[in-house]
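Both complexes shown next keep chain A, but they swap its partner, so chain B is in the first and chain C is in the second.
Coming up: the complex of A and B.
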């Protein structure tokens, strides 16, 4: 019963897989030639993504459609129990990303008297491009596990940004895991099983579902829209930008402690959107706030989404074509000494707020080489000047150090950190 | 209702039925020299638990426990993992009570619990002599017997305390009834896995208002709880109280006769924690009195007793799991003990959300390994 694929268990053969694959192939079928060896990206929305590699999957992996994100507090006080958990998690993650059950016996293969070692809701579902990406938060580096000396300077707390209203109970955490997949059930299944494995050693601090990606991380993908209806992140760092990724995304040897070389820092921000007031705003005002045209996503004054933005262009009356306080200008790398982010956010809706409004927004995720040189200056500028602030509020914040990828089955999450 | 293994002499509820004198005579209180166990004197006080010997021959021994302290006390003999080999409760200051306990060769702990709380004052007890090791099947069969013994150790107090509660309700003594409500429920909640197997009686005793379909009559603890805490009017609860007592008597009769099979015992241990996770941490169980932590503690103890009965099987088949369970039970006890208040517990409403989360984490940490016990037993 070991190592059985979930699909095969239910008697679905290759033909079934091909059918699912055909339906979702779309954008991925025409992936461009890549520079350098990125983590294997799934060729279809049902295929698995390689769990092992130089980098953790789930960063430059072409953004999957769905997210389940979780942040844990470590509750055990024993370092060896935490290491054991990381090893157990790694084994389960390696299995689940390949479309297998979380445990070796699986949802239906174990002793009838025992609770199954997989919860079963992903039976019959393909791997669905599942990636599981782990990050370690600043609070893990206190005196509990002897990690203080290994804390990277880049994990220093983010400054307070004007206008934010952060709720501590949905912010921070010792360890985060980002699960991305093309099927929401597969992402939820992964987090649920990892949380279960962790009982007694970690406790869920907060978690977040995202129903639709708002970023493209590959030129093979179209830029999706956020809940304001705009294409956001046209200039995102992408899989194909090898030189920029090296300079802006991946931590280089010498940047900080050796265990993070080849990794990346993740910032999460839950951004509540006042979509009802936004929807009552005129089209022209909406476009001026973003600095882009709503239909095509082209910079104002241009025709196509990827046309080069001309920040110097002036209207006949002498005012800038792209307003000084527009989102695109304030967030653009040229405003911040060429600081880029790899954004990987997701739209969320969590029911309604009891006042007749949708509880909706953006769960923003960004990866970078050093958040204090990239996210912080960009967000400080946005927080001070962005006209969009009238319609949004940052309500949670997270900062995590995501180590490099795992070599093979003998490696585990956090091995170099706990060495 | 007596087991041949444990005789609690002079239990309050049944004082009239016991033939033996319950006064200590101090004359024949040491283990006899010839290898035959005799009477062992236990001098209990508020700070001490002096057992007259630390070595015993295997077999049945009589422990005569004299309470020289100022608090009501209990006396236990525990095997590894706090498996109760025998115990006597409700020893009021000045009284001596006796208990017969059969102990095979092994190492044990004796414990007095002044105030009837906590882990008690513990001392080692060594029992030597021939005791044939049990076969696997015999160990499993013994688990059922051991658990039955535990159930019987609780039913006497359940009857006593329920009767006191019922009497207070019928006397219209709201204050006293409120005080006794969580105490009587403690004994009930400890043995719930066996009680629940008697389909119609459990709801009659323990249903919550929302559990009933339209037109069904609401009886039992929680009906009276609502009247005590919400309206404060129990003047019409006499018949409900009488029915409660009758139902508890009936369930005690059936529970004492029930030999819970090992697998059901394992599942019962898990279900008690499920009860804690879904009913007590949320404050749903005792939604009017908010005495959920009493039930929480009782469920936890009941779960531990069920696991303890299975301990010899676990020790042999999965010692690592047995060790984990010991640790997690300790951790859960420690987490809960933060919320002691006097001889009882804080109200659910006195705990912060963060404190409840810590308790929830402790229960989850324990419930996961407990969920693995059944498969080990079924091996």
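Coming up: the complex of A and C.
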């Protein structure tokens, strides 16, 4: 038995059943097989997102609800073993994003004497909008694999920011994979199977679950809230911003090595929130720190979330309506020569910290054309001046080069880099 | 401004809008207000579940997809402060389970100079089937609050089980609250606000997020899968099993102190899974360990998940079709004088463990009439003989007495206990 569609095992849902009726003999094929490639943005939270395309999925794809992120150390010293792994990963990713098992001999189709090609916990679950996005960290370009000459300048280490308290064991890494899906079981299954396939060649350095998105990447999505209770990412770059995406998100030919043209750079920051302290802060102070009202998310002095911010407005006493040290002012593109980020962060909670406090916060992910021209100046300003710093601590950091998308099944993750 | 419905802030969804059209002036009331109390089982994953009733919600309620569980130490020494907290918690729980803010002065309705009555991160989100279920741990019945005479015999500490490796800092606790919801942001919001309300009177001892349910508690639900990839809880007690629930789930009058009649006892166990080792085990061995096939979940020798298990069946060579040390045989009610459990467990992933492995497993929750007659004999048999023990480790344990449900808004959590 080969190429089992996961939906087969629990019977087909309504949409699948309709497809089957139309297709006759292809009773267990996926919708994508029946109807051609799925769109870049899935129509429902069950549907697949296309794995192939000019760009990697999972960047401008409307942000899915759940995240499992992993950073690997490469433990093989052999370049050819790493390339082979990237090819195997690509094949598994192409299958899993379409709602299939990780391998052609899945949990129920394999030889009984061998470990299954798939771990099984997503059997019966639809594709759930799964995207898998790969990135290569600065450390991959050391002397192990002959990649030093291909290291982009944009992948130079981030500077140290004031106040950060980074833990090396949950920072950095040679290769990252971001799994986003509407069902966390599907995201966890994908990362777990990629880790399984990588056995002996890579080792998990750190991984991160995010239970709820804190960003919209499309105007079709409502702005979600972070664990401070505020809407987050109102002015985020969105997939509809074609000119800005070209200018600020995607690496252009000539920006650096050819293998990154059409890709994007990802910055990750795990930001612990002191939510107990925050929760004892007055509403007026919370709103002054963000520079927005809490309920609607409108800039101070305005009524609605998307009203244009008036940084020049003054109160009758001459002080600015939007405080000089407010988050919205310090982070705004107008403060940084129009530097934008495409954020795709997630809320996290990981038990408690032994001091009676929730271990919770924001796993920040941002994509951009050049982190040293975008994330770095923005974060340096925030790290120096943001009043929010009293309530947060950056505890991990990652920087990864995410190459462009794959053309077709003959292509694989990192082909141009290793060519 | 009082009693804000969270949905108001982002406009009403389709169902809410229909209700508004019917209700005219009650433009921002909840559906439950418009149409009477919500049913014990929500019709959709957005709807509220009734907070009042003969039983606490969150036990036989069809298991919601996500969990946030918290265990508190009581830090006040004053009985009246604890009672006051339980009253405040009850009021907040009654509101939040119906999709409202935690307090009457929510994140947008309070005095600006005061911290908001609600932390805000669930603003705009529907009730999402939220249930909040309280339990009292053995340690609450020490000499601090004069409750020693009211301690049920069934709340005696669990014995030590072979092979367990319990960490005290994530075990036990005076009071637990289980938050289940279809949206994790709603479950996290509820626990976070209860912790906020408890400031100075309780301290979080431990908390646990679960991203995906591993049990069905109703025949209307498909059986989900654990992180070993197997269906879990096929023979779980379900809300439709009226006679069994009466006999095995609910505490009867005369079982112990009167305040627990109509309640149930909860056992929690955090079970770390060595999933990397499991993933290198052959399919046939995995299936023999569980005693079921992986794809369908059928007992060995049968075709379908719910086929009756034939423990007497022999292979041609005379050995049992279902191995003597298989999980399904050792855990089956027929092995334990018909002892059943109602399980409501959740899969968890919490990053990696520093050795390149995912820190992942199952947060087991089970309800029953008497843990010493149900969980203890079952787990003792499993701990001694189950082949699955090579792949799992119990790392935390909790035991809690969950009283019956609340009659109405005049009642509060623990009233009969503290009466």
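Criterion: the second predicted complex is superposed on the first by the 392 of 419 C-alpha atoms of A that agree within 3 Å, B and C clash if a C-alpha of one lies under 4 Å from a C-alpha of the other, contacts with A are read in each partner's own complex, and residues count from 1 in each chain.
The rule is short, and it goes like this: contacts are C-beta pairs under 8 Å (C-beta built on N, C-alpha and C of every residue); 3 or more make two chains touch, one makes a residue touch a chain.
All of these numbers come straight from a predicted model, not from anything done at the bench.
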Contacts of A:113 with chain B and chain C, given as first, second, both or neither: both
Partner chain in contact with A:352 - chain B first, chain C second, else both or neither: second
Contacts of A:344 with chain B and chain C, given as first, second, both or neither: neither
Touching partner for A:279 - first (chain B), second (chain C), both, neither: second
Which of chain B and chain C A:329 touches, first, second, both or neither: neither
Which superposed partner A:227 touches (first chain B, second chain C, both, neither): second
Which superposed partner A:302 touches (first chain B, second chain C, both, neither): neither
Touched partner set for A:200, first chain B, second chain C, both or neither: first
Residues of chain A touched, compared between chain B and chain C (which is higher): C
Chain B and chain C contact sites that coincide on chain A, given as residue numbers: 110-115, 196, 199, 203
In the complex, chain B residues that touch chain A: 263, 266, 328, 357, 361, 364-369, 371-372, 374-375, 377-378
Touching residues (chain side chain A, partner chain B) in the complex: 75, 110-115, 196, 199-201, 203
Chain C residues touching chain A - in the complex, by the definition given at the top: 9-10, 66, 68, 73, 107-108, 110-116, 118-124, 169-170, 183-185, 188, 191-192, 195-196, 199, 203-209, 211-212, 222, 224-230, 275-276, 278-284, 286-287, 293-296, 347, 349-352, 354, 356-358, 360
